[in-house]
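Please go over the structures that come below.
Shared between the two complexes below is chain A, which has chain B as its partner in the first and chain C in the second.
Right, the complex of A and B next:
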């Protein structure tokens, strides 16, 4: 038999796939096996009755409810900041920017998307140091600061998703508006955005997943292990990913370890669901464009 | 009239994003600036010794940690990613390909902290028991974990490039009677050289920028690693650790210097990628629409 390199490539590719697929399956199965027994009322609310916990009448001490609330508020606030800004920026880059300006702006977006999340966190931390030295001597790390830094982190994804969605609209759809006498902005609002809205939406869902999972940014900008439910945006807060990180290093007994596995499973299910939603949208999208052709 | 204002609003949002990037750089520079004014301070930070209580704040061990970890992780992940990209490019039945692709995309959504978490409970005890040396928190464990984390990044970048090239060359290759495996090995991989480099850089950047895996499983000892079983500390986890332990003022300069280093490394990588031809290109040419 002669030496056939492409045969080796075939064997190697099967090997590579199994070397990646097996660990990931082990990871998911392991989390379900260890995390499932931890799923109980006590994991979420501890000893507190859930009605009292939800209206905030009683603090929750042992459960992960405050962390879930913290993560939710963080997601909502950072989305409020990042989504409009990112979508506008994406529209500008796709439809208006030209020449030198476009290359400058897209370089900035590339730079932003390459930025390690810890550097974003360090930026937030530096901002607080700066504010303390200058005008606001009482400034402190808080939920608001974390939301702003997380917004900065997810901004490049939103911009790119919007830009790519707009730029991949077929030419015949793109010319529809101008042929009817629409101006550029009318064309964007009435033709281009509606026909790319699902793609943009799936980008938004993906970036919400990023906001939910990031730990490095919030570590430097105001997350703490035991804060309870934040009463204001200037409070410190708890978050799911940080709870997992903290408990991994600091668990003192089996109960806390159980809590760590429980929160890891909850976080995995949360980001997995977001991913699944975005995946389904994109799948339908492909079918949509194929029909349109 | 209103069109003009809308364009201005959109422009200012783009400007705001760019200003944010500049602000990040500005703040890092502002806070590490005192170092650059003082030659002794600079020599102190760019030295090989980190002993904060003795007044020595060298970040070079962390640089060594970052680079050894990132290169090792890339060395493990890159062949795997090429293998998977080839696998999904005609070497396997369509149904398996779809499942594998779905799984790789799913991997991008698994939180970093969960990779670290599972590694702490599976890989670390494994290494501790098998090699019977140290605590198990070491360079090798973190490199393996990080490799799994960066495989999707590399693979997706590679696949994008290969799909594009494939459209150009597949007709020619098929007409020569090449099998899919031959086409991949002799035509597609050689002609997507640019994509191969870009994918490697993206993966390297992701590995350099990651904090949680290194922080959770690398052991965090600020020393130069001599073997794969030595604990290391990266620039990213160094920043997290120093801020968390609330050290004195001098230590802060060193973390801003570390942040500045990270910023410059990533900016450098971004520039290299852009020179190689931006993934997203300049957008396709289209008819100019009058406003």
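Right, the complex of A and C next:
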């Protein structure tokens, strides 16, 4: 048998893929095996009737329903803050920034993306301390603060993805709009963004995943074990990753550990659903952009 | 005296300090076809792009000299009297290689009409059909208008680009080798179309084909090393063999 470089390269890439795929499959299967038995009414609502729990008439003490609500609101709020901001920053960096300013901003984005999430949490915490000592003596850690810190955490993904997507559009497509008389902004809206939508949306999906799983930030900025369903953005809240963390850290018997796995499975399904929704939005937008009218 | 649609005076263009167009002065007569020929890299595309200021989209482009266009009775200084967009709405362009939006065929035509002219829906569809018929593409695409324009053949894409430029009703047309990727028959059709179009537009085109130049050009500019080496009127290059001789000299 002769080993040509081509063959070795092929084997290596094959190996690399299996090294990635196998653990992912093992992980998902294991999560299902351990988490599935925990799936029960009690896991979600404890012994509270679900109608009462959903309208908030009765508190849920022993279920993860409040954590599901908390995590969902957290993801939605941080996305509302971060997605427009990130996409516009990306547009600025790719289309407007030049020379020295551009390298400064790029460096700051890199710095932000290298920031550990615990530092982001610490920043939020320090902000509250500062506010208390100055103008807002009632300021406290809350859902809003967590969402803002998470937004800061996911911003660099969104900025970079948008920037790279726009910058990789071939020259001739880039010149086409201007040659027809499009203004720079018309070119961005009608040509450049539509033709890079796939990459931008994968940035969005990535950052939603990141927002869903992060625990370090929220631990310092407002998550607690038994907050119930948040009634306002200034409330403290529960969150799935944190629930998983304390269920695991403090489990006394296998049943409680099983509950943690159940929660992990729910988190997986939740992010999966969000991915699916953004995939559908992207599909439709793309169709609209391609066909037009 | 002939009236010029485009008048350039000592126009020079450089990229990052390298001179590409070197002090060109010339006029492009109204309602006629002026063709530029010259060796590859002689600056033909750059010269065309100077007219709609597309070179200036690149960082490192420097321009000097003056250029005027005269449209609907008024003469305007390209560098001072017009914004980029006003200029480019008057000057349509077809690129050297087929350049379509990666969207559907109809969107390629309808979107610019909406963005540039804010045209109503019905009007836009009428205009689309009209220009597609004009470039003889309608019969080939009328039943697949929602397909991606990239699924068209190179020649079809090139005709789509021409249709898109025409749809926006410019006054000057810049064509960078409009028949380069067409077979002889489709090229013929485009040539016939260009002869018809010159009644309404001023056409400045780049060509590689001496046959084509002899057939449809009213005037030929031979470009070499960023300079105009010859400027020939119709009667000059009809002399058998003259154009071939000059081209042999330059290339």
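Note that the second predicted complex is superposed on the first by the 237 of 293 C-alpha atoms of A that agree within 3 Å, B and C clash if a C-alpha of one lies under 4 Å from a C-alpha of the other, contacts with A are read in each partner's own complex, and residues count from 1 in each chain.
What we mean here is this: a residue touches a chain if its C-beta (ideal position, glycine included) is under 8 Å from a C-beta of that chain, and two chains touch if they have at least 3 such contacts.
Quantities reported herein were computed from a predicted structural model and do not represent experimental measurements.
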Partner chain(s) touched by A:195 [first = chain B, second = chain C, both, neither]: second
Superposition-derived comparison: chain B or chain C, residues of chain A touched: B
Which superposed partner A:277 touches (first chain B, second chain C, both, neither): neither
Touching partner for A:173 - first (chain B), second (chain C), both, neither: second
Which of chain B and chain C A:181 touches, first, second, both or neither: second
Which of chain B and chain C A:285 touches, first, second, both or neither: neither
Chain B versus chain C as contact partner of A:131, first or second or both or neither: neither
Contacts of A:139 with chain B and chain C, given as first, second, both or neither: neither
First, second, both or neither for A:224, with chain B first and chain C second: neither
Partner chain in contact with A:42 - chain B first, chain C second, else both or neither: neither
Doubly contacted residues of chain A, that is, touched by chain B and again by chain C: 174-175, 178, 183
Touching residues (chain side chain A, partner chain C) in the complex: 98, 172-176, 178-183, 186, 190-191, 194-195, 289-293
Sites on chain A touched by chain B in the complex: 5-7, 9-10, 12-17, 19-21, 23-24, 26-27, 30-31, 34, 84-85, 88-89, 91-94, 96-97, 102-112, 114-123, 125-127, 129-130, 152, 155, 159-160, 163-164, 167, 171, 174-175, 177-178, 183-185, 187, 206, 209, 212-216, 219-220, 241, 244-245, 248-249, 260, 264, 267-268, 271-272, 274-275, 279
Footprint of chain A on chain B - complex, ascending: 2-3, 6-7, 9-11, 13-14, 16-18, 20-24, 27-28, 30-31, 79-84, 86-87, 91-92, 100, 102-118, 120-122, 148, 151, 179, 181-182, 184-186, 205, 208-212, 215-216, 236, 239-240, 243-244, 252, 255-256, 259, 262-263, 266-267, 269-270, 273-274, 278, 280, 282-284, 286-287, 289-291
Complex interface listing, chain C residues touching chain A: 52, 54, 57, 59, 84-86, 88-89, 92-93, 95, 97, 99, 101-104, 106-107, 110-112, 115-116, 121, 146, 148, 164-165, 168
